[in-house]
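Next come two complexes built around subunit A: one with subunit B, the other with subunit C.
Right, the complex of A and B next:
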């Protein structure tokens, strides 16, 4: 039932695909982090954006990522936005998690006492300077663990890109399966890879969390 | 967003779906998408029942079970939280037959999604039980209740109120996860959308409708959970006031 020889034989192919998975994860998370911060900052700096942004966040969080991936990949061309599968996938994942991350940042911003804003006004700092130099440095560290959890969640959603044939881990396992009629080893190995990576990142997040608690204890 | 805002958004979403489905370009997709939506609702409901059950059992075993059962619960939670839902579905559907257990696509979908969300739910349930003040346990000892009685009559009802908001989020996750069953050949909303997209190439119309339908379903879940939260919270507030 389980063939170690076959498992070893497909390991290099899977390892190559794992690199794509990691690339998608990192690039997607980079988009999520920066766009999420931009959205959360926009809500503070321009209060009128709060309603459209919260509506967009609600829309993105209420619909499946798979459909959003299809939407970007298939609907994009009708509006003159033709993306290759990898770009569309990274963009969809990044946008999806930007919605989640913006809520995390928002919680971080709200945890900074109002007095910090008032003190900055008293010191004649501009609003942007205040945000950049006073608020963000205080708002981000407490939410780093929450952001880390979304990194792990994002990582676990990357197999969805196999639906638009991005050659990541799951797609490569599916192809091995359809060529050899052996799904047992490839899919189990993919599962193990995710399990090990997730447990390792959960451990890393706990370490970071402990470090932050030590440094920023008020 | 407040309850009123959510209800307004739901009304707007349903009105938009209604309006679109009357248009020439969209009308042909309505019967197929309706069938798909019915399948999505069915899987969501069945998987939700399994998820709540699995979460309760796993949380109670992890907290109070004897050692081997406790390890079993921990292993279940870590495996299902540590791997992708899609990988789990594929494993159930394509790998399990190798070990002599063949599941229908529908059964694999309900079991896979139910157990996946159940693993996240187990941590929610555990957190809510642990958050019940210690004095409640001590009081049940003073009243000569058995542990099982204490759990059933005193601890779980209080933990229940604290569980509702995170379960609301999990049910939304569950609904969104059901889109994955299209990849093990089940005819849900996402599957119908892909199928009709391939035959008609009317991508914009199909996927707009599908997104709106999922949005409407999510809003129904959110509103229902908010109402439930309000009900559960009301009892507790009254008890505290008395």
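Right, the complex of A and C next:
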């Protein structure tokens, strides 16, 4: 049933793939965090962007990530956008989660009392200075847990990239399986890896949260 | 009177079909202390908020030292002002709010140096020196490193006053600054305002429910009712012998309450 020798033998291959998975996760989340913040900020600073942005966000949230990955990778070239699988995958995941994150940031912005904007006007602070120094430092700490949840969710969706043959964990496990006709070890190990990493990141997020609470919520 | 510091000329403000201020004309001299009183919904806070550019105006002109606030002169005509113009005129005005509105993620000192550094371009040393002078004046120097949530309401409001003064405004607006305070904390804030009136040649415009303070402190009282100034005058005369029926009713009601 379970062959320890085989498990040990495939471990290096899976470890290499795990690095790809982590890379996709971190880069994708970086895009999601920064683009999400930019979108949420744009809605506040330039009210005319609110309608196009919410349409785009709705479009992304209402279609499956898998389709978006395929679209970017296979349909992109007909629009002159040719990307390698890894780039297309990271971009698709990043865009997808940027849409979710922008809504989280928006809730954060809305939780800042209007009086903070008014005090900033009364002090003659510029709008961008107000956003950067006054609003964002208050808007983000309360939404860190929600953003953290999306980090874990994004991480767990990276196996979708196996559909465009990115050499991440799932793809490696599938290849090992089809070559050796043994699926028990590779699939179980991949599952275990996700379990451990998810728990570890949930723990890390709690630490960040606690740190932020100490610093900002007095 | 010399050139007025602030003047409202036929200023009208509407929210939908509700007219909050109806053709307001009000002129405030340099260094004058004006108390605005009246029942809630009479438009008195709106006067301050329009002057602070927190509300747009639907008609008329507000001038600060003769310069229109929401309009600017271009080719001999008044056109709606751009941001640069509004910021230039707004720099002369400071405001203290009912709910303090201190920045909760900054200490008392940081609250007081943020705008002087970012808007006036002061160095940190200069901004801190200025802030410490003011925190000292409001009796909060020993709380410089406290966060707002670690301060009482009265202390927060005193920091808010210092923060506004750090921008060296010529006009200070006080919007019901003691209304959110526990009764025993009202005195310390009024004490600071009193000091301000004596120490600075500052124009002050305050919306208040503290009739005793208005009577003692203000050079002039304006009684607002339904978006108009119903009666204005010297406090002594106004409080002892109001001429208008509505003023009399209001004062009677306020005195009975407390």
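The rule we apply is simple: the second predicted complex is superposed on the first by the 208 of 218 C-alpha atoms of A that agree within 3 Å, B and C clash if a C-alpha of one lies under 4 Å from a C-alpha of the other, contacts with A are read in each partner's own complex, and residues count from 1 in each chain.
Operating definition for what follows: a contact is a pair of C-beta atoms (placed from the backbone, for glycine too) under 8 Å apart; a residue touches a chain by one contact, two chains touch by 3 or more.
This structure is a prediction, so every number in the text was calculated from the model and none was measured.
With subunit A as the common reference, the superposed partners subunit B and subunit C fit together side by side.
Applying the stated contact rule after C-alpha superposition, one finds that A:156 touches subunit B and leaves subunit C untouched.
Contacts of A:122 after superposition: subunit C is touched, whereas subunit B is not reached. In the superposition on chain A, contact of A:75 is made with subunit B only, not with subunit C.
Of the two partner chains placed by superposition, A:50 touches none, neither subunit B nor subunit C. Once chain A of one complex is fitted onto chain A of the other, the partner contacts of A:8 are absent, as it touches neither subunit B nor subunit C. Looking at the superposition, the partner that touches the larger set of subunit A residues, subunit B or subunit C, turns out to be B.
Judged by the touch definition given at the top, the superposed model places A:26 against neither subunit B nor subunit C.
Of the two partner chains, neither subunit B nor subunit C is touched by A:210. Seen from the Cα centre of subunit A, subunit B and subunit C lie 100° apart once the structures are superposed, a value rounded to the nearest 10. Taking the two complexes aligned on chain A, the least Cα distance separating subunit B from subunit C is 24 Å.
No residue of subunit A is contacted both by subunit B in one complex and by subunit C in the other. Per the touch definition, subunit A reaches subunit B in the complex via residues 1, 54-55, 58-59, 61-68, 70-71, 74-75, 78, 156-160, 162-163, 170, 173-174, 177, 183-184, 187-188, 190-191, 194-195, 198-199, 202. For subunit B in complex with subunit A, the residues that touch the partner chain are 1, 9, 78-79, 81-88, 90-91, 94-95, 98-99, 172, 175-180, 182-183, 190, 193-194, 197, 203-204, 207-208, 210-211, 214-215, 218-219, 222.
Listed in rising order, the residues of subunit A touching subunit C in the complex are 113, 115-116, 118-119, 121-126, 129, 133-134, 137-138, 216, 218. Those residues of subunit C that touch subunit A in the complex are listed here as 52-54, 87, 90-91, 93-95, 97, 99, 101-105, 114-115, 118-119, 147-150, 163-164, 167.
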